[in-house]
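The structures considered in this document are given below.
Next, two complexes with subunit A in common: one pairs it with subunit B, the other with subunit C.
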Partner chain A sequence: MSAKNDQLRKIARTLLAEGKVKYFLGNVRGADGFSSKPTTARTPEEANEFVWDPSCVNNMASYLHEDKKRVLKRGEEPDTRPIGIFVKGCDSRSVALNIQEHIFEREQIYIVGATCEGVVDVPKLKKAWMKRGLPVAATNTLQLSINGDEVIASFDGKQEKFAKDDVIMQRCKVCRYPNPVIYDELIGEQVEPKPDAYPDLEEMEAMSPAERWAFWTEQFSTCVRCLACRNVCPACYCRECSVQRSNPAFGPRTTPTEKMAKAQFSNKTPTMEDNFNFHMSRMYHMTGRCTNCGECNRVCPVGIPLRLLTRKMDKDVRETYDHESGLDTEPKNLLAEYDDDDPEGGFL
Partner chain B sequence: MTDNNENNENFEPKIIAFLCTWCSYAGADLAGSARIQYPTNVKIIKVMCSSRINPLFVLRAFRKGADGVLVSGCHPGDCHYLTGNYFTRRRLILFKKQLEWVGIDPNRFHMSWVSASEGQGWADVVNKVIDDVKELGPQDEMRRKVVE
Partner chain C sequence: MTTYKISKDKMNELLTSIKGYDVYVPTEMGDKFQFRVMKDAGDAKLGYSQSAKPPKDVIFPQNEVLMNYKIQPNGFDVENSLDHIGKFVIFGIRNCDARALKYLDTQMLNGKYVDPYYAKRRENTTVVGLACNSPLYNCFCRSVGAGPHHKEGHDVHLTELDDGYLVEVITDKGKELLANSMSLLAGSSDADTSKQAELKQACEAKFVRKIDVKGNDKRMLDIFESDYWRDVSDGCIGCGICTLLCPTCFCFDIQDIGSRKEGQRVRVWDSCQYPEYTMHASSHNPRPGKKERQRQRFFHKYVYSYKNNQMLGCVGCGRCINQCPTQIDIIDVIEGVKNVKEGSE
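Now for the complex of A and B:
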C-alpha cells in the first residue's frame, strides 16, 4: 500500500478512535477494481478500507448535505462533533463554498486535505485497458499512481503505463487549485497548479451563434432529466428545487404568494425546450457559486459536456467581476452583493 | 402559430416587458399620457422592483412563446428600494452572457434603465427592441412545441 493511503487511514483511524469526529467521509475501492466509491466510516476498522489514489474522483463535499437531512430519533441528543471529510484540491473549494454560504460552520467540518496531481477518468481508463487486452480479473489487485506524465497501474507484480493526458479527467488538465485551500491536516507535497487559461473553451468560442445553438440543441435534447447533475453538485442543497417542485398542488386556499413560490419553471417531460430551461436555470443558479469541480459533467449518463457551461460561467464571472467562489471561508456571494461601479454592459 | 409567423414581412413580434413599478412603469405611463406614439407589440408586466425579476421568468416567457423580452428598471442609484437595481444589473448581465453562450441571439433579450420622467426614452427603447426582434423573426427555439 502506498504511503498516501497509510497516511489517510492513520489520520481517519485516530480521529474516529479518539471520537473527535462523528463519522468520516472518504473513498473505498469500488467493485469493478478501477473506480472508488464514497463511504462513511464510523469505526476505526472501517477507516482501514480508505484509499487515496488517482481513482478517487468523487467530490465528498456532496455528501455533507446528507447530514442536514437526518431526522433525530425521539429523545436523541444531536451529535455536535464535526464531520470528518477527505478532500482533494477541487473538493476543498466546495467545502469552503458551503462554509461561505453558512450551510456549515468551519468548526462543524474536520477537513483532511490532500494535494492532488489528478484523478483518472474511469471510463477512459477502462477503454484503454480493454484495448490493450489486459486481464479484467487483475483489477482485483489494481493499484493506481501518478508519476510525472504517466499513470501507472500495478497489478500482480506487473506494471502498465498510460499517458496521463489520455486517461486523466478533463478538469485536472486545467486545475488551478490542486492544493486544498482550507484544511486541518494535509497529505502530500505541494503540487504545481496549471496555468490560468481556458483552452477547453476555445473551440466553442470560435463557433457562430447558430453553430452553438445547433450544438446545444443536440446535447440538450439527449438529456433524460435524471437530475444526477443536480444531485451530485456540492453547491446544490435546496430542500425544494426550482425545477422539480415536490408539492405543486394548488387548492382554493392557496395564496398568490404560495403560488408564486411554487411556480414550475420547467415541465417534467424531458423535451428539448424544457431541458433547455432546466439547464439554463441550473447554470444561472450556479453563477458565481460553482467551483468547477466538474462532478456534474462526470455523472451525466448521456455525456452532455456540462463543463462547457460551468467553465464559461466561471470565465464570465472572473472577467466581469473578478470573483471566485470557495477560495476562503469569508462570506462572499457574487449575486447577493453589488458595487456602485459595476460594469454597465448592455443596458439601453 | 399565427399567420404572422409564416411571413416575415408582416411579422408583428410579441414582446414581454417586465417593468418596475416606480420608474419604468411610470415612464411608460407618462408616454401614454403625453400621447407619445409607440407600437403596441409590448405586453407589460408590472413588478415592484426590477430585482424581483427572476431570470427564470425570462426563460418562462420565451418558453411560452415570447419573441423578445425586455426588462427595465430605474437608473442605478435611483432605485425606490435604494439597491434593488444593482442586484438586477449583476444578474442580468451574466444571464445574458449565458444565453449568448448557448446560441441565443443577444437581441432577443434586452435590458434597459427608464426613469419615471422619460416618456420619450421609453418609446425609443420600445422601438429599438421591436426593430431588433423584427430583424430576427419569430422566436422558435425556446418556444414549447406541442406534439400532436
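Now for the complex of A and C:
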C-alpha cells in the first residue's frame, strides 16, 4: 500500500478517534477496481478504507453543503465540530470559495490537502485496459500511481504502463493549481503547475458565431436535464434551485405577485429553449465564482463539454477584471462588491 | 419465424428502403452513442456498444406535448397530439433495452388505466433488435432474465456475422417493415445458424459481473431501516442520472406551459431522486434524504416490481453504474444485502 494512502488514513483515523471532526469526507476504492468512490467516514475503522491515488477524481467540497441542508431532528443538538475533508489542489479552491462566500467559516472545516500530479479519466483508462486485453478480474487488486509521464497500474505483482497524456483527465493537462491553496495538513511534495494558457479553447474561439451556435445547439439537444452538473458543483449551494421547483404550474388565476415570488427561469421540459436557458443561467451564476474543478464536465452522462464554457468564462474574467476566485479565504467577490472610489458612479 | 441473410454492404440500402417511418438508429456523438432519427443511412453505427440514453424515449419521450390549447372569445380550442403520432422504427436496439419496453408495458398498458399516448406509440413502433456480441464490463443482463442474444420483444432480430447479418423476422409487424426490402435479403444457410449459436456462446462467456437475486427481496425488506442504505448512498449527489438513463424508469410529471391565452400540457420525465418528487403540500417530505431516495430506487427495481409484476425492474444494462458520477454500483448494493448483519435472519 502506498505511503500516500497510509498518510491520509493515519490523519483521518487520528482526527476521528480524538473526536476533532464530526466526520471525514474522502474516497474509497470503487467496486470496478478502477475508480474511487466518495464516502463519509464516521469511525476510525471506516477511515482505514480511504485511498489517495490518481483515481480520486471526485471533488469532495460538493459534499460540504449537505451539512447545511440537513434538518435536525426534534431535540437534536447541532454538532459544532468541524468537518474533515480531503482535497486536491483544484478542490481546495472550491473549499476556499465557500469560505470566501461565508457558507462556512474557516474553523468549521478541517482541510487535509494533497498535492496532485493529475487524476485519471476512468472511462479512458478502462478503454485502454480492454484494448490491451488485460485481465478484467485483476482490477480487484489494482493500484494506480503516476511517475513522470507515465501512469503505472500494478496488479497481482505485475505492472502495466500507460502514457499519462492518454489516460489523465483533460482538466489536469492545463491545471495551474496542483498544490492546495489552503490546508491544515499537507500530503506530498510540491508539484510544478502547468503553464498559464488556454489551448483547449482555441477550437471554439476560432468558430464563427453561426458555427458556435450550431455547435452548442447540437450539444444541448441531448441534455436530459438530470442536473448532475448543478448537483456536483461545489459553488451551487442554494437550498431551493430556481430551475427545479415543486410549486404548481401557473394558471390563469396566478397573480403577478405570486409569479414574482416564484420566479422560474426555465421550465422542467428539456426543450432546446429551456436547455439553453438552464445552462446559460448556470454559467451566469458562476461568473467570477467558478473555480474550474471541471466536475460538471466529468459527470455529464451525455458528454456535453461544459468545461469549454467554464474555461472561457475563467479566461474572460481574468482578462477583463484580473480576478480569480477561491485562491484564499479573504472575502472577495467579483460581482457582489462595491468600492466607493469606483469610477462608474453606479447603481448604489 | 423466417430467417434470411443480408450482406454488410447492403445494410445501408435496407435502411434507406424503409419508407413511411421515423427510423431511429444508433449514431455516434462525441465518444458516446445516441439513438437519433436517421437522416442518412451512413449515420447508423450498428457496431455500437451501448447508447448513452436508452431508446425508450421513442415510445415514452422525455418531453411529450399532450395537447395544445388556445382560449378563443367563445370557448377554447384543444388540439390533442394523439392524432399526430407517426410510425417509428427502433433499429438496432439491444435486448436489454427491448426487454425494458416489455417492462414498461406492464406499467403503462396493464390494468384499469391504459396510457393512450404510450399505447399509440407502442403500437406504431417496430422493434428491430441487434444481438450483442461484446458486452461491456458492467453488463449483467444474464442475471436478471434478459440475455445478449435473447429475442424477447423484438419484431425483427439481427445477428452480426462475419460476412453479413442474419435477419430473423419474428412478428407480422416485422414482416410489414421489410416488405419493400425483400429483394435485398437472401436465404440463410445452416452454417449461419450454427455460427450464430457459436457467437451466442462466446458472448455469454465474456460476462464479468453477475448478481444473484434469489431471496434478496425478503432480505431487503428485513433490513429496510438499516444504516446499510445510508452507507451505500453516502456518495450520492442526487442528480437522477441513474433514473433518467434507466431503460425501465417511467415516472413522469405533467406541466402546463404557456400564457393566459394559449399553451401546452406537457409530460416530462421525473425522478425519485429529486426532493421535489415526494414533497407534500405541507412541506413535509416522507423521503427527506438521499438515503431514503436511493433506497426507494433499489426497492422499486428489486422488490416492488417483482411483487407486482413478477418481473424485475432492472434489465442489467449497467447504465446506472457506468454513468453514476460517484460510482454507486447497483450490483454491489444488491449483493451486499446478504452481508448485512442486522434484521431478522
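The rule is simple: the second predicted complex is superposed on the first by the 325 of 348 C-alpha atoms of A that agree within 3 Å, B and C clash if a C-alpha of one lies under 4 Å from a C-alpha of the other, contacts with A are read in each partner's own complex, and residues count from 1 in each chain.
The definition used in the following text is that contacts are C-beta pairs under 8 Å (C-beta built on N, C-alpha and C of every residue); 3 or more make two chains touch, one makes a residue touch a chain.
On a predicted model such as this, the values are computed, not experimentally measured, just so you know.
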item	value
Subunit B versus subunit C as contact partner of A:Met313, first or second or both or neither	first
Which superposed partner A:Thr271 touches (first subunit B, second subunit C, both, neither)	both
First, second, both or neither for A:Tyr284, with subunit B first and subunit C second	first
Partner chain in contact with A:Val299 - subunit B first, subunit C second, else both or neither	second
Contacts of A:Ala163 with subunit B and subunit C, given as first, second, both or neither	neither
Partner chain(s) touched by A:Ala31 [first = subunit B, second = subunit C, both, neither]	second
A:Tyr338 touches, of subunit B and subunit C: first, second, both or neither?	first
Set of subunit A residues, in rising order, touched by both subunit B and subunit C	267, 271
Residues of subunit A touching subunit B in the complex	204, 209-217, 242, 263, 265-267, 271, 273-274, 276-277, 279-281, 283-284, 287-288, 309, 312-313, 316-317, 320-321, 334-336, 338-340, 342-348
Residue ranges of subunit B touching subunit A (in the complex, touch as defined)	55-56, 59-60, 63, 76-77, 83, 86-87, 89-106, 110-113, 125, 128-129, 141-145, 147
Subunit A residues within the subunit C interface of the complex	30-32, 35-40, 58, 62-63, 70-71, 123, 126, 130, 136-137, 222, 224-228, 231-232, 244-246, 249-252, 267-271, 295, 298-299, 301-303, 305
Residue ranges of subunit C in contact with subunit A within the complex	29-32, 34, 52-53, 62-63, 137-138, 208, 231, 234-235, 237-241, 244-245, 253, 255-257, 260, 266, 268-269, 271, 274, 276, 279, 288-289, 321-323, 325-329, 331-332
